[in-house]
Structure formats: structure tokens, C-alpha cells
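Down below are the structures I want you to see.
Two complexes are shown next, each including chain A; its partner changes from chain B in the first to chain C in the second.
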Partner chain A sequence: MEKNMSKKPTVQPALHKVIMVGSGGVGKSALTLQFMYDEFVEDYEPTKADSYRKKILLDGEEVQIDILDTAGQEDYAAIRDNYFRSGEGFLCIFSITEDESFQATQEFREQILRVKNDENIPFLLVGNKSDLNEKRKVTFQEAQDRANKWGVPYVETSAKTRDHVDKVFYDLMREIRARKKDENKTSNGRGKDKNKKKKLKCTIL
Partner chain B sequence: MDFDSPEVMKDFPGLYMSERRKGNDSDYNDESEKASKKDMIIGKRKEKKDKKDKDKGYAALEGESSDESSPCKAKKSKAFKFTKSKDKDKDKECPKDKGECSSKVRQKKKVKLGFGHMFNSDGENQDIAEALPIFGADLKDACQRGKCHDGVNIPLPVRECIDFIEIFGLNFENVYKVSGNKNKVNQIKKMYNNRQTVKLSDYDVPTVTSVLKTFLRDLPEPIFTNELLVRFEEAAAIFNYNTREKYLKGLLNGLSSENKELIMWLIMHFYNIVQRDQVNRMNKQNLAQALNHTLHISSKLLQALITHRMDFYPTMHIKKYYPPLDAGSTYPEDPNIIRRELEKLESALNLIHWEMQQGFSSKWRQDQLWEVQRVQTDLKRKLKKELSHSSQTVVPDETEEQPVSLPEAEEVKGECYKSEAGAAQVDVDTNGESEDEAPDENIHALSQPQNIQSDMDTDGDEEKTEADSQPSEKVLLLKSSADNISNNESKIKNTTESSSIAITFSNDLDKKQLEDIDYGPGRKPIELSTHHSVQDNSKLTILHYKNALLMDLVDNLSKSIQIEYDQIQEYKKKLDALPPSKGVKFIRLPHSFRHVRELLACENRILEIKKVELVREIMDLTEECMDMSTTLMAAADINESCMHMLKPNF
Partner chain C sequence: MDVPKEPNFHLLSAPEFVPEKYVRTISHNYVGGSELKNLKKRIQALSDETNNSLKKNVYQNYVQFIDTGKEISHLESEMYQLSHLLSEQKSLLSALSATSILEDRTQVNFERNPKLDEHEIEEENKLKLATILEKVEGCKEIVEANDRVFIFEGDLLEIDATENTAIKFVHMYLFNDGLMVTNRNSNSRGLMRYAFESLYELSSLAVVNVRDLGNIKHAFKLLIFPDTRVFQCSSNASKKEWLDKIDQAKKLRLATEQQKKDQTVEKPSPVRAVSMDLSASKPEEVAVVHPEWLLDIPDELDVCVAQRQFEDAVNYLRKAQNYICKFNAKHSAPDAVILNIQEKVELKQNNLIDILMNELEVNPKKSFQGGLRATRTAVRLLNDLGRSTQCCDLFLKLCSTMLKNQAKKLKRETSTITYIRYFTSATFTNMCYMIEEFLRAFPDLPYCVSAYVAWAHGHLTIITNHFWTQVFVTKATLSTITECVQLIRAQCERLCEYGIDFRYKLDGQLRKFINTALNEHRDKFIDSIKLRANEDKWIPMNFKTKGALTRCLQEHEKMGLKLDSYVSGDVWLQLTSSNIAFTKLFLVFLDNCLNLQTTELLEPINDSLCSVFEAQVAYNKQALTFQPEQNLFVLKNIGFLLLVLVELTQRKYKESIGFECEPLNKLVNENSALLKDLASRNTKTKYSSDFL
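Moving on to the complex of A and B:
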């Protein structure tokens, strides 16, 4: 019993915190579960919030990924801020078969930027359900344009076929990792850090 | 009632303290300083003996603080400030979960390694102790801020202190009288205010009792409330046992649920202390004296409450608090235990969300949120798996949730509330009465209805028959059967009516039996349940439980007997008051009436035989029930301990 405890702090791989956002029913949980456990659940059950941790090899380096799967429903919008604040990277998901969910990404993006107060937060726009191409309502170009506007990558996935599932998580983690390295440097050289601090102060005031 | 009378003042030294508490507080402290100096030495010596596994972190702090702990200097505010600055760096990153390491240094490193600058790592955590403290807050706030996630609405510090004392303090000589090291007490207080996990097992009994006392003393309002305190004191001064109980009960129900629950918990705990007075030397009087200042009540009131504790909430018992599972603990297998844990986690999550919404979203709290969430997700998955497993083998009836293995945790809890609700119902009118009537009148009110009832049931000369045959018979009846007044009433009715009613009577009794049996298991296993460890032989556990239950049963029975005796006295008085001429009239009864009388007498004899049978039966059933419930409790206990095996709870 004590062994368990003492083990923990000694091995401390880098931990990256990823948050899944998007409207209800777009497949946030499905993507997460596919990534975590290679399983695809057909029946829909709205999430309130779920959190997962997984150890993975990211370019030969052992890292831990924490995934927080949030609620799409507006009912839980109040606690969303609490979660967003602690995220290091975001997967913003919509369903390519539902235009509304695509429109909603705009709001999610704004909310994240407001909470994080950081334009460069690692962020991926993800169009899910690519296996249902025949029911597509959002064109690839449309989504790509929005991603370009935000300055973020756009990827289409299918939680069902596992298409690009790993890719979105790994890509995001690489961004987070790069971002952290970057910050380490700048905080040593004091350049960007100062800037960030200013920003933070503005919101507080 | 007149409360300015000098007698009252003399009896209740703590009565008018609430307004000028601050001043009195320091007086009290000065007084106790002398004692505490001695105790500190004793305490330290004891510690060396007791604590082999002393935490290094605390040892370091102690070293720092030992110079400062000179008792004459140790004014409240000073000590407070001191610990504040000392704890500051610890506040930021000390983990709540027990699985994490407790060494400060290691913690710091961890934070730096991670994402120290990603967030405002200064956090707001050090302020939560000042903005939303648990100590010194309104009881309602304290309950919310220091929430116990298992549904018991008592502030966490109180709960944990009592749990600790129930295990380590019951046999501690002069427990509650000896006060602990002031610096350590403040340190613990500070940790609670910072929402850190406090490992009370690193401290000694006097320190922990002092923490509890500090919490109670810091409450802005006495737990009996400024409004009702005087009334409580009034009620405690009532001489008659039943009337006093009625009044106290009514008053307790007038309190808010937080106050009531806290008082109940404390009284149950104090009762357990007093039970061991031969070992700990704290009998009712001593304990009351040690605590009356803390609770701002007279010793008399406290003693009265301890005396009556069972009658107020018979099913109530102290349930040890197991905090929600954390990432380091092994998850339970039983779906029902998982469900219960999920509820706890949900409550813990809500609390974290609440704290964050109040503006306290330090890095540490954010991590906390993720971790609790993760455990919850894991458990949810596990529950799903378990259920799908069991659905393949057994029929998973969702409604049939209450398992055999969980009587203590869930059923009893539900029962507690049930009985509370029942009590509340009864006491709506008691309360009203107690406001209007004087105690003496109340005694009459108690016995009056019975008289009226028996008068109405019979008319004319039959009444005399009854009056004639009953009293002597009832003395026997009451003495032998250990039942309460309401049952007694039904007997009076039954004896005067036909034998067909005897069946309903027995039905009534059956119901009573069932009630008794239901209450049986919940009674008071706590005291012992906290005592054994996982490794304990289950037989021993069963014996312990059985012992506790038997003690309760004996207790209750003797109390019922007392009630019956009181009743007998009442009736005797009434009989004496009857004019003697009536007896003469009685002889001149017509034949038909004599016949009725004989019939009734005969019936009564039959009923009495029946009653003896039933009494025997109820005892047998109670015994059987006790056997089963002890086995169940032992099983549940083992389950629970297994579940928490990987978690140091103290």
C-alpha cells in the first residue's frame, strides 16, 4: 500500500491536459472512448463530464494525456468555465452532418479564448462522423476556411471507423508540448511571459 | 418562566455568554493555560510513545513552533498569525488526497516539473481560508464549505475529530478535560480552513479534542441558538423525566437541521465517552463541566441531553466518515457500494465547482477537479461493467438495490431520516404545547387522554368493574411487559373489549415487534465498529456488535420499565383520589352486571396469558434479529474496510 504511494511522485512523465468541446451529440465521448479503449458505443448517452488519463508514447517520449470530456448540453454551461480554465489544449468538435453543431463551434471558440485569454492556445477544429459522408451538411472547404480564420488545423475524423482519431489527439499533444517548450524559453528570456501577465491582469481588473 | 431569577443564573453559568463571548473567551483561555502547560508536557511525552510514524513535515513545523508555544504568550490572535505565515507556502500545493505524498519539498518539485507557469500558480488558495473559512463560519456555511460527502450534514472537522476520538479517545484519561498543544490546534485549524487533508492520526487526543472544542467555540452563534438557548435551559431544569424529554425534544426539533444534526452527533459521542467513565474518568458531570463553556450551555443541560440521547433519536448512530475514493484507492466491486461512492464523488465535484465559482480556482484545485472527475469516470465505467456482468448471470433488478451487505450504510441511514421525520411530526404539537403550558400542567396533559379514553370505552357500572380489576392487574402487566405508553394504552382498551380485539391487539404488537427489530441494528454499533481493524476476526466483530445491541436492548427495556413505573405512580394517585364510597356501591350490582364482570375478568386472564406469550415471542424475535443484524453489520464492515484498505483514514 505504501509502495503505491511512493511510486507515484518518482516517475513523473509530462502531463498534457486536453479538453473536448462541442455541441451535444457530435461524438465527443465517442472519440474519447475510441482513443482510450478502442471501443465504439452506438447508443447515445449525454455526458455531464468525464475525465480520463492514458500513458502514451509521443514521438518516443512517454507522456500522460488527461482528457476531459465535457457536456455539450447548455445545462452544464455553468461549470464549463471551471473546466476550460484548466485545459492546455482543446479539441473543438462538430458533426459534419449537422450544420448547427458547426455554427456552435464559433461560440465555443470564443468562450475558450475568453476563459484562457490566449489566442495561441493549442486548438484543433474537428469534423466528426466522416463515415457518414452521404449525410454531409458541412463541406470540407467551409470548415477549412473557418479553421484558417482562427489559425488552427482542421481534421475530419470518424469515431466509428477510428479514422484520424489518434491523429487529432497526437497532433494536439504535439502542439501543447511545443507550446510548453516555447514558454519555458520565453519565461527564461522574460519576453512573452511579460506579455501574458499583462493580459491576465487586464481580465482581473 | 422567569429567567432573571438568581437560581437560574447560578445553574447556568454559560447562559448569557453568547453576547460577550469574545471577552469571556480569553478569560477562559487564561484559566486553562495553567492546565495546558502541564498537559503539553504530558502530551509530548505521550506522543513520543504513541507515534512511531511521526510525519517529518510536522516534526519540522513543531521545531519551529516550540519556542513560541509558551502558554502565557499564546494569545489566540498571536498564535493564529504565526501559523498563518508558516503555513503559507504549504497551502498552495498541499494535496487534499491522501494518496499523495505529504512531504512539502516533493510537492513543490512536482508543481515546477509540471506546468508551474501555465497558470497563475500563486493561485487564490491561501485566501480561501480567510474568505470562506470553516472555523468561525456560520454553522450552515461551515457545513457547506467543509462538506461530508456521504450525506451527513456535519462540518468535516467535527466529523473527523469525533471519528478520531471514538477510536483513540474513549479510553483516554480525562479526555476533553486535557487541552492540547495550542500551536498544533491552530495548525490543524488552518489546514481545515485551507481545505487540506488533515491526518489527525499524526496528533494526540488532547489536540484533537481541542480542535473540536475550538470549532464549537468559534461558531458565531451557540449551537443551541441565541433564540432557543434559554428555553433549552428551562427544559433541562424540569424535574419529571418524561416532561423534560418531551420539552427537549420539541426544542430540538425547533432548531435548523444543521444544528440539530450536529447536536445529535455530539450527544451520541459524549454518551460514548461517558459510557467509559471508569476508564477515562469522565462521567456525565465531569464531561459537562469540561464542555459547558465550549457549548455555551449549563452542565445541567448537557447532562440532561446525554441522559435522554436515546429517546430523541433511537436509530441514530455515529457513522465513521470515509472520504470519497481517490486515484490511489482500489475500487470496490459491489455495484451498490460503487453507487454510493459515485454519489460521494458527485458531491465532492459539486463542492469543487462551487469553490471555483467563488473565485478559488488555483492550480491545485483544478488538478483536484480533474482527478475527482477521473475517479468518477472510472467508477462509472466499472459500474457499467459490473452491471452487464451480473445481468448475464443474475437478474439485475434496479429496484432491488438495497443489498444484504449494506444494512449499516444505506438502510439505516434511511431509517434515521424516517424516524427523524416521525419524531418531527410528533413534535409539532409538543412544541406548541411546550410554548404555552407550564410543565406541571403538562404532566396532566400526558395522563389525561388515557383516562378519558377508558371512560368513553365503557359506560355506567362497567367503568367501575374496570377500575376495580385493572389497577392491580396492570401493575403486574406493566412490570412484566416492557412496552411503552402507547402500547399500554392499547392494552387498557383491549381488556375492556371483546376477545376479537385480542387479535388486533396481537397484530399491534407484531407491528411493534417489527419496529423494534428495525431499530435494533442501527442502535449503537459505532462505538465498537470503529474499534476493529480489517484483520479482526469476524467472530470478534460479531460479538462486539451483539454486545452493543444487547446493551441497548437492556437500556431500552429498563427505560420502558421506568416509564411504566411512572405511569403506575400516576394511576395510584388517581385511585387514591377516587371517593371510597364507590366501592360500596359496587357490591350492590345487579346479577347481569356481575356476569359481565366475570366475563371480563375471565377474558383478562386469557389476555394476560396471551401477553406473556407475546412477550416471550418478541424477545425471541429480537434475539434472532439481533443475530442476523450483527452478522450483516460485520459483513458490511469488512466490506467497507476492504474497500478503504489502501487508504489511510487516520
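Moving on to the complex of A and C:
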């Protein structure tokens, strides 16, 4: 402790705060652990709320990613709101093998929009467990349609095979970064308009 | 060269022993055959001895093995008891800890352990709060708040959330409803060591376990919008303790809030704690709080299933579902906790159903010792859980397997009849038993009963097929077939008691086989008639002794025929040997036919009877032309067949069926000319015939 205290403050690279949301058991922790440590954890143990931080190179620029891996279920709405408030970007995860988890994304989306009060918050809809295609319950088109409706990208991942795992985190961080740049340039209402335009470019309609 | 050693156990079992070498040494050293023979004998004796000791050892080990097995099962039960005791203790302890935290004054209706403890704990809490009051500056209204209970405290290091650098030491207090952060009080040297900084309400405090934050270890985060505060503990254990304590406090708070709500519905949310940081934030939506048992239900279910207390599990399921139903009826808006519990409960229910189904599933490893009785619990519970259809399906599969096993277990008797007796009795007794069990297991479930009927119907086909291979394929005699058919019919009738009449179905399935068997026997019979007719000399039968004749007469009398009028002299019978033999065989054939008869079989039976009879009459008629000197005698024989034997046949036929056999009467009519001839000859040569 003393050592830490005496340590001189160093200039830290930009920090992007990502929040993993979704129903229990869809693989939020698995995706996080795969991204953080390149490992796939087969055993399922419900998460309460864990946070991780990692330094990475985003398009040649060193940044920090702060991942908050939330519990699929939190008893207090106020606490859940506090989790969401702390996030700058969201990975909304469901399991393509479980329709219920897909339906739940709607509620998560609404909660996040309510808490953040921002239609254009960086947000990715993620269909996990793409390695279990034979057990698929949610079609790609169905999920894509929902993503289009929300104006967000849809990506399918597999925490097991590491398919698109980096992609979702990096894509989200790019959006967060772009978002922050815009906010720095214009701190008034015009910024939001610009975001909207940019958003439209991102999602092909 | 080695001196050949006396063969003994040690020599032969030595690791360096090489059989080839040993034999070579022996053959070198022993010259005479007798010596070698002796040696062979000794080796033989040695081998026998070894065998014996081996057997003994195996037996001993076996006994030991069984003992060990017993011991192990004994131990298992002890362990089970122990685990039970432990879990009981655990629940007792958790109940105790719950009591200690939820102190009184709130009039919480908790099942509490001895009141003595309660007071002590209350006193302790007061004391503790007093100490906090002394130590911490500016926390008067917080500590003196109505129902605050102290839980935990400790030193922590606050870390800058973005820079990862230490900020300051803090001292944190955890209460039943909030987390209080205090700074070190540098100004005061006195008792007031800490200064109040902030208090966070547990119901809105987001706690995050920091798994990875570069070089910062053992940290956790508090998210209080817009702040994020990171605290570092001295060790991982201490961090875990903090997280666990906060989590426990949160859960308890949920439970108490629920209870308060239950007691005072109209009262607004419980006394709100002062929160400096959160004073600006909007009043959070009042979370509906549920009783603790509901939150524990998923765990309880797991425990019950693990301990195979399925009934308790089903009770828990019921309780939870009732609660959820009532709750949903009262509240229109879905509640997150309820939804979560409901989802979990459903999952557990499915899990439980799977396990119960597994219990019923046919498994070659499983013994059927308990029989269907052993399935009662599982079946009842599955019915309770609304899985009657699947359960019924499994139950019937189990029945099928049991019947199959039982049939396999039956010894193949040398006598077909004995085997069939055992087989039918075992099978139908089982079927009766199964329907009894079935009606007990699935009462008032008509669709299940129809499933049973369909199953029994299918199974009857299996039974008749087996019956066919055992009785008909083996070319048993008609008598055997008849007896077997009677056996199976009688057994089948037993099902009628339960309202299942399969007799028609059984007869229908057997008809084809019986028909074939009848035809085969008819053909064989006709062949034998032909053979005997050719051998017959068409002279009266000579019994050689009076005794033999009497015996023959008695025998026929038993069959219902009086042959006294055909006796002539001491040892003569005025009938040919072929006709006597035919009479005997025909009557047996008739009996069999009558026992086999069903309305559908009447035609083939009539056909067989007439064909056989006609054949015999035809040979008699042939003799009439080829043996003119015996004319009258043969005519008499024909008369015996057409009058005496037919009369008896018709009597028996009528007794059994209710009317006479028309085709047979027709046959008699066709030959009426011969009978007339006989009648006229009889009167004419009444005396002459007596001389024959």
C-alpha cells in the first residue's frame, strides 16, 4: 500500500468504459475473459459485477478499456441504473440459442436509453454462441432487423472459438472514441446532430 | 547342467522359472518312463493343490469383498446422515446470524432463536454504535437513526479511478442499510479518530469486484453516479469479506423490506437514510421485496433434488408457483425478481421432471426388483407436475420391459404345455397387476387408460407371436395345441375383470394358426386312414383273450360307445381293426375340435370332421366291392360308423355347440342306400349273420 501511495501519478492513456449487459448465462463473462485473457471458461458461475481493465492498441493509439461485466440479474433497479450510468458504450449480448435472452435485449436497450438519456449511445447488439449454430433459435435476420430498428450494428460472436470477439470490443471502442472526439469539438446540440449523421453512415439502411 | 529339482510351488512360481528349460532338464535326467510318470503325477498333484488353494483364496476374497461392500454402504449412510446434520447446523447458523442482524424495534416477524441471544445481540449493537459515535465525528444522526445495525468495519485505501494512484486511507462502516465512509481525522488527537464523509444507501449502491486493474490488486469499486470510487483492501481475503458482507446485507435488506411491505402496505417506503451523495438523485422506484424463502427456492430445489427428496421438491415448486400466481394477479406490472425466480423455478422444474423421467426410463443396468411399486412416487410426482402423458408412456415401456424380462426368466420346460401354462399365467398375472398399478397411478385420466388399452393390445400381439412359435411352429400334436389354446384363453379372460375383453382379439389372432393346424392334422389323419385301410384284412377283430376284449369294451364305453352288440364268441368283435382305430382317433380329434371351436372356426372344423369321416367310409365302401365274400360284415362296419359313431358325434357336437353338425348328417344321408341295404339284409339273414 505504501508503495502504491508513493508512486508518482503517470499520464494514463484514454479510458473507454464498456459495459456488458444481457440475460444470465448468455456468455458475458465468457466474452470478457476471452477478450482479456484469451481463455474460454466452460464452467458457468453467475457473475455479480466484475470489472477489468486492459491497455490495448486501437488503430495505433494506446487506449485503456474498462469492462464492467454486470450480473444478468440485479434486484435493485437503482443499482442497475448506477451500473449503466458509468458506461460509455454497451455490448448488449444475447445467446442465439435462447430466444428469451434475445427478447430481453429490448428491455436492456430501453433501460440504457432511459438512464443515459441518449439515443446515440455507442451500442452493439451481439449474438453470442455462434458455434452452436445447430441449436440456433434466433435467426440472423431477426437479430439484424432489431439492430436496424435501433440503428446499431449487429455482430455474431463465439466466446468459445473467439470468433468476432475482438471485433465487437474494438468496434465499440472506435464508436466511443469517435463519440468523444465529437463531443470535444462541439459541446452543444450540434454535436448530437453530427452524431446522428455519422450513425446513419455506420448502419446501412 | 542343473540338477532337476523336486517340483514344488516355490520352484514353479519363481520369477526365473522357464518351463522349456525345466522340461529339458527333466528329460535329460530321467531315463525311465515310470520315473517320468511319477514326476507327472507329482506335478498333477501340485496343480490340483494350487487349484484348490486358488479356489479357497477366491472364496475368501469374495467374502472379504462382500464385507467391504457392506461396510462401504454402511459408511455411505453414515456420511449421508452427517451431511444432513451439517446442513441442519448450517441452516441453524444462518438463521442465527439472520436474527442477530435484524434487530428488533422494527417489529419484524422473524422466526427467531432464543430470546436471550436477541437481547445480548441488541446490547452488543448498542455498544458498538456508541463506540462509533465516539470515534467518528459528525455521524450523530446516522448512528442514532432508528433501526440501524452495525455489521462490519475496516480500513481501506482509496484509489483514483482513472490514474490508478492512491488517494487516502479511509475507514468504512457497513450497516444493515448503508455503507459509511469516514476519513482519518488529522485535526483531532482525541477520541474522534475519523470524520464522517458520506453514507451510501445499499439499495442503490452498485458494488463492482475489480478483477483486473493493472497493478492494483484486491480492489473493489463503488459506482455512485456520477462518481466511481475504487477501494483497495489489504488482501484478497479481506476484499472477499467486504464483498460478501455487502452482498449479504443487501439480500437481508431486500427480505426485510418485503416483510415491512407485507405488514404495512399503505405506508410509504421505509425510513430513508441520509445520503449526501444521493440527495440529488431522484427517488428510486420502490423495489417490491419478496419473502426470503422465495428467493431461496431455487437453492432449496437443488438441495432436494440432490438428496432425492423429490416430494419436498415438488412441494417447494407448488409453493413458489402459488406465490408467483398470487403475486401476478395482484400486480399488473412484471417484477424483475419474480420473473427471475419464475424462470429459475421453471428451469428447476424441468430439471426435476427430467430426473423423474430418468427414474422411470428403462435402463439395462437398473434392476426391476421393486417392480412397478417402486415407480409409484415418481409417477405420482410427474402426474402432479402435469406430465401424465409422457409418464404414462414411460410407465408402459417399463411394463413391456418387465414382461419381456419375465418371459426370458421362465425356464424352457420340456413339455410345451407346462411351459405355456407358466408363460400365460405369468404374463397375464403381470398384465392384471400392471393394470391395477396403472389405474392406481393414473386415476381419472381417460386418455391414459386408452393408452393402456392400446399398449395391452399391442402386447397381446407379442404374446400371441411368442405363443405361435412355442406351440404351432414346433408342430405339436393337436391335443397339445388344444390344451395350450384353452390355457391362453382362460388366462385372457382374467383381463375381463378390469373391463378389458381381448378374447375376440385373441381368437382372431389365433384363428389363422388354428386353421392351419387343423388342416395339417386332417391331412395326416386321412393319410393314416389310408395306411390302415390298406393293411386291414376286413375281418372281425380277434382279441385272443377274453380279458383283452373286455378291456376294449370298457375303453369304448368310457368314450361313450356301447360295442356289446358287436361281440361274437368269447374273443371276437364284429368290427375291423381299422374302424376300431379310427373310432378312437376320431373321438379324440372331435374332442380337440370342439375345445378349439369358436364361431369363426366352425366351418373348418366341420370340414375337417367330414373329410376324415368321409375318407374312412370311402375305404369301407371300397372293401365292399373288393371283398364281396365279406359283404355283410363290411356293411355292418359301415353301419357302425354311420349310425353309432355319428350318433355319438352329433350328441357331443350338440352339447358343445348347440346344434348338430349338418354336413355330417348330409354324409349319412348320401349313404342311406347302404344303410337300407344293411337293414334289409339284417332282417333276412338275422341268423346267418350270427354265425359269422
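We adopt the following convention: the second predicted complex is superposed on the first by the 173 of 205 C-alpha atoms of A that agree within 3 Å, B and C clash if a C-alpha of one lies under 4 Å from a C-alpha of the other, contacts with A are read in each partner's own complex, and residues count from 1 in each chain.
Note that in this section a residue touches a chain if its C-beta (ideal position, glycine included) is under 8 Å from a C-beta of that chain, and two chains touch if they have at least 3 such contacts.
For clarity, every value in this text was computed on a predicted model and none was experimentally measured.
A.B. asks: Go through the superposed model and pick first if A:Asp50 touches only chain B, second if only chain C, both, or neither.
C.D. replies: both
A.B. asks: Which partner does A:Asn82 reach: the first (chain B), the second (chain C), both, or neither?
C.D. replies: Both partners.
A.B. asks: With the two complexes superposed on chain A, say which partner A:Glu183 touches: chain B (first), chain C (second), both, or neither.
C.D. replies: In the superposition, A:Glu183 touches chain B alone.
A.B. asks: After lining up the shared chain so the two structures overlap, which partner does A:Phe40 touch, if you call chain B first and chain C second: first, second, both or neither?
C.D. replies: After superposing on A, A:Phe40 lies clear of both chain B and chain C.
A.B. asks: According to the stated criteria, A:Trp150 is in contact with first (chain B), second (chain C), both, or neither; which is it?
C.D. replies: A:Trp150: touches no partner chain.
A.B. asks: Touching A:Gln73, do we find chain B (first), chain C (second), both, or neither?
C.D. replies: A:Gln73: touches chain C, not chain B.
A.B. asks: For A:Leu15, select first, second, both or neither according to whether it touches chain B, chain C, the two together, or no partner.
C.D. replies: Both partners, chain B and chain C.
A.B. asks: Is A:Tyr170 contacted by the first partner chain B, the second partner chain C, both or neither?
C.D. replies: neither
A.B. asks: Overlap the chain B and chain C contact sets on chain A and report the shared residues.
C.D. replies: 1, 4-5, 8-9, 12, 15, 49-53, 68, 78-79, 82-83, 85-86
A.B. asks: Considering only the defined contacts, which chain A positions touch chain B in the complex?
C.D. replies: By the definition above, chain A touches chain B via 1, 4-6, 8-9, 12, 14-15, 17, 49-53, 66, 68-69, 78-79, 82-83, 85-86, 88, 180, 183, 187, 193, 200.
A.B. asks: Spell out the residues on chain B that touch chain A in their complex, using ranges where they run on.
C.D. replies: Residues 99-101, 106, 110, 113-115, 117-120, 328, 349, 352-353, 356-357, 361, 366-367, 369-371, 373-374, 376-377, 380, 645-646.
A.B. asks: Residue numbers of chain A touching chain C in their complex, please.
C.D. replies: 1, 4-5, 7-10, 12, 15, 36, 48-55, 68, 73-83, 85-86, 100
A.B. asks: Write out the stretch or stretches of chain C touching chain A in their complex.
C.D. replies: Within the complex, chain C contacts chain A at residues 157, 159-160, 162-166, 203-216, 221, 223-226, 228, 232, 234, 243, 247, 250, 254, 284-285, 287, 336-337, 340, 343.
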